[in-house]
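In the two assemblies presented below, chain A is common to both, partnered first by chain B and then by chain C.
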Partner chain A sequence: MTLPSLRALVALWLLALACLPLTAQAHKLRESGVSVAVDDSPLTVTPSRDWNRLDGNIGKHTERWTIDGAQLNDVTFYAGIEPGKPLVRERSKKREPLPKFSTATLLVEVPELLETTYRTYKNSGSFKVTTIEPGQFLGREAVHFTYEFVDQDELTRQGEARAAIIAGRLYMISFEAPRLHYFEAVIAQFRKLADSATLP
Partner chain B sequence: MSFRARGLALGALAFLLGSDLLGVGLSGVDLSRMAHAYAQPSPLPPYAGAYQPQGVDEIGLWQMMDEDERAIAQSPLVVRDEALNAYVRQVLCDTVGQHRCNSVRIYILQVPVFNATMAPNRTMRVFTGLLLRVRNEAELGAVLAHEFGHFESRHSLNKFKAARSGTDLLAWTAVLGSLAPRYQVARTYQNLQISVLGNLFRFGRDQEREADRLGVAYLNASQLRPQAAAQVWQNLMQEIDASALHRGLKKPRFDTIAFTASHPPEAERAGYLAELADPDGLRRDDGAQRYRATLAPWLGTFLDDQIKLNDFGASEYLIQSLAQEGWTAQLWHYRGELYRMRGNPRDLVNAAQFYGEAVALDAQMADAHRGLGLSLLKTGQPGAGQEALRQYLALKPDAPDARLIGMMIPNQGPGQ
Partner chain C sequence: MRTSIFHLLGAFAILALAAGPVCAQERSATRQGFNLPAQSGKKILLLRPTMRVGEQSTGGLFEPNADWTEQARANIGEALDASQRNLGNEIIIAPDAYGEDARALNEHMALFAAVSQAVIQYQFFVGNRLPTKKRDNKADVFDWSLGNSVASLPGADGADYALFIYNRDVYGSTGRKMLQVVGMLAGVGVSSGEHVGYAGLVDLKTGDLLWLNADAQMGGDVREKDGAAKRVRQLLEDFPGSTIAKADVVAASGAGK
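Moving on to the complex of A and B:
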């Protein structure tokens, strides 16, 4: 066998290997009733049903959970975003900068921060914050808000989130699902999950 | 470098690279003759009427486009406002002529980028980012006529035939994507085909020039001012430069804007579009007043979409250029929003000033009072800030954030 054809064979073999589903990348099960720390932070939650923690972070201090897949129901934790940092990882700091959480950010501005992040990060053409209410999260004063947006897949999704600013860091938990069926189906589970969140 | 100098430099480069476009070799042809040959608008092709696709390629392409149109008709991104749709159609008809525009279906998509596309089955997609950027009917007509030029020359079909190998690649991506362990890969693949946004064909530069020449020919034959075509590119270049400057980039990325990605360098085209325009057309109306009046109910929405893109330079440029016709409370308000959202301490001081200008012009503008209040609170003026927020709640008691804002004002309490 000549050297070039051997090389081609190795390349093909590597490609085939890369395409195989790897068990090491599997998502983790979050079992009902077992308290877990989110992204190794002090924020802990106790789910009241089984959830899947998705592999792969969209940013520092974030974690995503789902039941049927992230496109159908997606819980995202933001466990202590530091001032000066964006909510999710920037694809390009220079060319596609994302809005940053800052020490001056007020609770009432957090929905706006999520909106501007989504409009840039997800190229969401339409995003509407529907309600903003005061509430409690992690035992502190917080903002509860709901929103609706159209993603690149042109499915209208509904979202609900709770956020609190504690010791200068932003803690937030959000739930998003297609408006049709999936939002209503899981929202009660999400609220239970959010209620169970604690921070020492 | 000035635009003119850059235009000359780019024009010279295009001349060196693109000699085959003009069908002549370089030898023995001087630049002035070349420029003259360039400066001929295309004669309008005879209108084909209810054209039907011919041959397997074209029939197949039309079937794909018809499928896309079914998807677009249900998309939540489509702006269904009757008056706005009728107006954009009218501008297209005024530009390319009534009999040509009759069979075109126009879909206005709420996407805040500068773009318009036209599919071979006569579906035209106009993005709201384009409506925000053009200043009058003639400029809008210029872009629509350019797209119509692609359609009438059937560029998509030529590109489709040439891109057969590209389609094979997509098919393989689908196979590999389905084998991939992460669903994210599969999703990336899905994003390659965006049915509603249209198959963004990358036309060749020759085709773009042909569409430009046709576009100006439509404008020359219309009642609108053909010089507007060059103006569109001048404005766009300035915006892209402003965006790059604020992001600290050395070279602006013209290819990040959908419409310019495949188009000849803007400076070059601004130059030749100006040459192609009928000089007598300079005295014609550009419909700026009608344009402003029709867009007025939508300006707030489009500006809101724009400033939330986190592109400070471009947004500031757009607001400034809209303000050339005079500052309004609305423009001051959105400028305030832009600065407050960037949120540097110096921005907050500016934001408070801009909101102040807005409420001075229109004391009933609730959202400007909100922005003013928040900016003042953040710059250490709680008394004045709370007073502004009180005004906001008085003007808009059922605002979505009324209870939370209420908690920020002492003695107001939630829900009062």
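Moving on to the complex of A and C:
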């Protein structure tokens, strides 16, 4: 085989392989009124509008839903994070270690756990928790909190989350969206979704 | 010979399975029912384009380059000046923004970029469409918005629509290019460089995106005058009411004579 044809073959293989993982994605519809288990866990929600479940996950026991795309409205479920584990998957255990949820973590410390996770995971130095208050989630005692951060795309995003620690595991649901237009447009839908969450 | 045929068939089989999403995705879309004829009497506010130009480090990180950014900003500005008369409707240049106005403009530009990226990723990209956006496509619905806060942008009160332009050009460093070559030899795909361009027409009352031309693989080296002119032509081709495509054809045939 000549060198030019070898190069052409290599280029063809690279193009073929580059196409493959992109098409392997399959986001799923989460229909209004239909109860569904999150990440095959006992945590169940019943959406009151159609959502899209994004393919893949950002960590063990996580699932992400969106309406218009992860950049514009992002609901993340943390369906039972075990003690000793980070909220999201570590890119590098050595260079970018993430804080871990532990048996000693208190409910009131969960906002800080998310903050320190984001400082590394999203490289977001501007994260600030804006409110923390006690509330209910999954029918149990919980913490409700709000936050704001500037992401790598230079957009300021607002967030709202509810978290509860049940049988030693962390259950949390968060919503993030650009503070311009998108947060206000979907926050009521998020609250309905969080209200619908149940755990036997 | 037999090995070559095996490789060819294998690669083509994967490409066939992949159904060619990289090559076959849409680039532009118009909101249902929107139509902007030339000389309609509507005013278009041209916002200062956002330019992000830099180098991609060996590790893939974006390192901004101030000189390139300034060059690109000047080149794109010149190319836009030259294209204005072909846009078909009255163009108003947005006033310079300072302080809080400048911050608000930057944030809206960043939102425009995020919306454009979401359109490419989740509605244009055949292999990655969100189920709800797939349904929109079937019903010919293109429904995206920046929100009605666009009405408070500097210059918005004197226009009907705003033209948002966002470019992000990242050139692979020598180290990155070498890594790409090593990757090729090892059979691992390593990208080098990124040339993203979005142009969008936004309703200044509602914030609705009326027309979008968005591509993550734009042409034209924006650091050069010719490249920037090519980029602007690419960004504004099919602009509602424009004669840019026609003007280009006329210019090209004129040059050939």
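Assume the second predicted complex is superposed on the first by the 182 of 200 C-alpha atoms of A that agree within 3 Å, B and C clash if a C-alpha of one lies under 4 Å from a C-alpha of the other, contacts with A are read in each partner's own complex, and residues count from 1 in each chain.
Everything below uses one rule, namely that a contact is a pair of C-beta atoms (placed from the backbone, for glycine too) under 8 Å apart; a residue touches a chain by one contact, two chains touch by 3 or more.
For clarity, every value in this text was computed on a predicted model and none was experimentally measured.
*Asks:* Where does A:Ala104 make contact in the superposed view: on chain B (first), on chain C (second), on both, or on neither?
*Replies:* Only chain B is touched by A:Ala104; chain C is not.
*Asks:* Between chain B (first) and chain C (second), which does A:Val129 come into contact with in this model arrangement: first, second, both, or neither?
*Replies:* The first partner, chain B, only.
*Asks:* Under the stated touch criterion, which partner chain does A:Tyr182 make contact with: chain B (first), chain C (second), both, or neither?
*Replies:* Second partner only, chain C.
*Asks:* With both complexes overlaid on chain A, does A:Glu154 touch chain B (first), chain C (second), both or neither?
*Replies:* Both chain B and chain C are touched by A:Glu154.
*Asks:* Could you look at A:Gly69 and tell me whether it touches chain B, chain C, both or neither (first, second, both, neither)?
*Replies:* Both: A:Gly69 reaches chain B and chain C.
*Asks:* Quick check for you: in the superposed arrangement, does A:Thr116 touch first (chain B), second (chain C), both or neither?
*Replies:* Once the two structures are laid over each other on A, A:Thr116 reaches chain B alone.
*Asks:* For A:Val143, using the defined touch cut-off, is the partner it touches chain B, chain C, both, or neither? Pick first, second, both or neither.
*Replies:* first
*Asks:* Touching chain B in one complex and chain C in the other: list those residues of chain A.
*Replies:* 19-20, 22, 25, 69-71, 153-154, 156
*Asks:* Going by the contact rule at the top, pick out the chain A residues touching chain C in the complex.
*Replies:* Those in contact with chain C are residues 1, 5, 9-10, 12-20, 22-23, 25, 27-29, 50-52, 66-72, 153-156, 178, 180-182, 185.
*Asks:* Would you tell me which residues of chain C are touching chain A in their complex?
*Replies:* 3-4, 7-8, 10-12, 14-15, 17-22, 106-108, 110-111, 113-115, 117-118, 121-122, 125, 127-133, 144-149, 184, 187, 189, 207
*Asks:* What residues on chain A touch chain B, complex-wise?
*Replies:* It comes out as residues 19-22, 25, 55-56, 69-71, 94-95, 97-100, 102, 104-109, 111-112, 115-116, 119-120, 125-127, 129-134, 143, 150, 152-154, 156.
*Asks:* How about chain B: which of its residues touch chain A in the complex?
*Replies:* 71, 75-77, 109-112, 176, 179-184, 187, 190-191, 194, 196, 247-249, 253, 256, 305, 308-310, 341-343, 345, 348, 374, 377-378, 400-401, 403-405, 407-408, 414
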